[in-house]
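Next come two complexes, and both contain chain A; in the first it sits with chain B, in the second with chain C.
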Partner chain A sequence: MEAKIVFTGPPNAGKTTAIGALSDVAPIMTDVDNNDGSLSKDTTTVGFDYGVVRIDGAEQVRLYGTPGQKRFDFMWQILVRDAIGVVILIDNSQPDAMSHLDEFLISLEGYLHDVACVIGVGRTETHPMPSIDAFAARLAFHGHVFPVIDVDVRRRGDVLMLVELLLTQAEARLMLERP
Partner chain B sequence: MSTMRLQPVGLTEADVTRLEVFLRFIGKRARWQWVLVRDGAADLLICAAGARRSVPSDPASEVAVLSGPGQPPQHALDRDIALPSNLDLETFQELLTKVEARMAIAAASTVAAPSPPMPVVQAVPQRSAIATLEGRFRLIRWPGAELLRSHPKAVRLLGFIAREAISMDRLETLSGLDRAACTEIVQQLLRRDLLAWHATASAPPSKRLASKQAPATEGARSRTTAPGELSAGLLTRLRMKLGFS
Partner chain C sequence: MTGGSEWQRAVQAVAVELHARLERPLAVIVATQDGLEVGAAGDKRLAPGRLAAITSSMSAIGDVVSKESGLGHVRCLTVEAELGYLVMRATRRDGIGLVVAALVGRGALLGLAMHAVADAARGLDR
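Up next is the complex of A and B:
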C-alpha cells in the first residue's frame, strides 16, 4: 500500500513549489521548456513532480504533482487513485480560475467521494476575485463539502495547513467507519 | 444528473431572460441540471417582491423572493430566500447551491430515517438548536482560513461533521475536545450558517453500511482504496512529523 498525497491544478498554480516546501529530498521534476504562449513561465511539468516525506525508518509518504494541462487528465486520475488526499491548487490570476476548478472536480468526480480533498486558491492578494466564498459555492454546486482557503505556496505554513486539512478528513473518515 | 425545475413568478420578461442566460451559462458545468419552466411543479420558485402572496405560504418548493428596486433584500417568510433586485450570476449560483443543499439534506434524511417521525432538517437551524445544541449537526460549508487558523482545535472537529451529521455527545467523544470547546466551535459555526441541523438524535447508517447496500452501479466509485485501509498510525506519525498537534 502506497501512502501518497497528490497536488494537482492548472499550470502555474504552484504544485511544484508546494511539493518543494514539504519534501525531505530535492523534488524530482519532469519539467520541459514551455511552448504554450498562454503560460507566463519558462518551463512546465509534463510527467509528474515527486517528493517524499520520510517518517520513520522505511516509512514514507510520497508527494506527487500532476501535470497541469487538461490533455494529461488521465494522469490526474491515475495519481489520485488510492491517495490519502488531493490538494487542488488554483491560480486566481488566471482569467478563468473558476472553470479550472470545474475541470478538476469533473475529472476527479469518481474519486472525490473516497479521497480527502482541499482547495488552495493562490494569488488572491493581487487577484481577489472570484472570492473564496464563490469557490466554496461552486464546490457545493458540484455536491462537495471541502475546505477552500487562500494560500501562498511559497510559505511552508500555508502548505502545511493544506496537508493538515487533508489529514483531518482522512482521520475522520477512518474513525467514523471503524466498526 | 438530476433535473431541477425553476419557475419564475411575477418576474418581468427581462428578469426571466436573465435567468435563462444564467442557466445556459452554468447549466453545462453544473452537476445538477436546472431548467426553467413556466408552469407545473417546480423545485424553486423565484418570485417578484409583489408576487409572493400568490404562492402558498408553505409550498412544497423552495421560494426565493427578489426585492423591489432600491430596497434591501427581505425575507417574506422565514424559510424564504431573499435576493437583491439586481440579481447577478454569483448570487444566482449561490441561490441554486443553497436550494440543492436543502434538498440533498432533506433527501438524505428521508433515506436515513424513512419511518415516522420524520426528522426535521434545516439549513438554518432554529434558535432553540443554538441554545440547547440538541439534535445532530452537519457541516454544509467549511469556514474560511481565518477561522481555521484562529481555532486550530476546530479543524479536527470539522473533519467529522463534514462527513456526517453528529450529535454533541458523539462529537465530544470523537474529537477528544471537552464539551465547552465543542460547544464554542459549534455555536460559532451556527452563527455563520455553516451547519445543517437535524432534529433527531439518532445517527443515520454509516456510509460504509450504506455503500454495502448500494446498487452495483455505484461500484465505479469503489475503484479507489478507502483511506480506511491506511493505518491510523501512519496518519498520526505523519501528523507528528509535520509538527501538527
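Up next is the complex of A and C:
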C-alpha cells in the first residue's frame, strides 16, 4: 500500500508550496479567494492539497496538505487518518510561531504518539528566533522527540528531506513493533 | 472582510428568507468560499461558524471532483443523510464567492429544497 503523508501547519507556512515543489504530478488544490483580513495572502486552502512523489524510483508516497486555519481543524483530523507521518510546517516570520506549534501538537495529540512526525521551520534566514533548539525543547515539553529542521519549502530537496526523515522514522517504528 | 454592514444585512436577510421558505428547515448558512460565516438562520445549536467552514471545504472539494471528472464547475452539492438533507450552492456577490447551505429534515422534498437554495443563490448574485 502507498504511504500517506500529511503536511499541516498554520496559514502561510508553505504547505501548498511544499507539495507543489515535491509532487511528480500537477497537484490538486482547493484554494479559494481569501477574505480573512488577518492573513496577508490572496488565496487559501479550504479542502486539501494532494500530490504524489516516487522516492528513489520505488516507493510512491501520497502527499496531502491541510488547510491552516483553526476553523478547518475538522479537516486536520480527517486527513491524518491512516497517515504514516505528519510534517508540521511553521513560519518563523510570524510573531507567534511557537504558539502555532503548540496548537498543532495539541490538536493532533491523539495521533502523534502513533505516527512519525517532523517539524519544518521556514524563513529562518530572516527570522532566526525562536531557534531550532527552542522548538525541540517545546516538543520535549509536550512529550515528543521529533526532528526539527529549517526548510525552504520552495526547494524540492528540502521538502524531500522532510519526507525521507518521516519515512526513516516510520520504518524504525515498524522494526520496533515487530516481535 | 466583506462589503460592510449593509452587505452583511442583505446576506443575512436572504438566509432568513430561505429558512422561512424551506420545508422542515433545520438551518441555513451563508459562508464565504473560505469558510467565514456571513449569514445564518435556524437552530443555533448547529454551530453556524463550524458549518460555514465545513460547507466551504465540501464545496471546494466538490468543485475539484467535478473539474477532474470533466464535469466543469460544480453548481449544487447534495448530501442525503439518515435524518435529512444538506443542499449547497455556490454564488458570488460583489466579487466575493459565497456558499449557500440549507439543512432540512428527512420529510422535506429534496427537489423543492434544491430549487429554494438555487433561488436564494440567484438572489445574492449581483
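Please note the rule applied: the second predicted complex is superposed on the first by the 170 of 179 C-alpha atoms of A that agree within 3 Å, B and C clash if a C-alpha of one lies under 4 Å from a C-alpha of the other, contacts with A are read in each partner's own complex, and residues count from 1 in each chain.
Simple rule for what comes next: a contact is a pair of C-beta atoms (placed from the backbone, for glycine too) under 8 Å apart; a residue touches a chain by one contact, two chains touch by 3 or more.
Because the structure is predicted, anything quoted here is derived from the model rather than measured.
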After aligning the two structures on chain A, examine chain B and chain C and state clash or fit. fit
Counting touched residues of chain A, say whether chain B or chain C comes out ahead. B
Touching A:81 in the superposition: chain B (first), chain C (second), both, neither? first
Between chain B and chain C, what minimal C-alpha to C-alpha distance in angstrom results from the superposition? 23
In the complex formed with chain B, which residues of chain A make contact? 1, 3, 22, 53-56, 59, 61, 80-85, 99, 102, 106, 110-111, 113-116, 130, 132-134, 136-138, 140-143, 145-151, 160-161, 163-165, 167-178
Complex interface listing, chain C residues touching chain A: 1-2, 32-36, 49-50, 52-54, 56-58, 60-61, 63-64, 68, 96-97
Chain A contacts chain C in the complex at 28-30, 32-37, 44, 46-48, 67, 69, 71-72, 74-75
List the residues on chain B that touch chain A in their complex, please. 26, 29-32, 90, 93-94, 96-97, 100-101, 104, 139-142, 144-145, 148-149, 155-156, 158-160, 162-164, 174, 206-208, 220-230, 232, 234-235, 237-239, 241-244
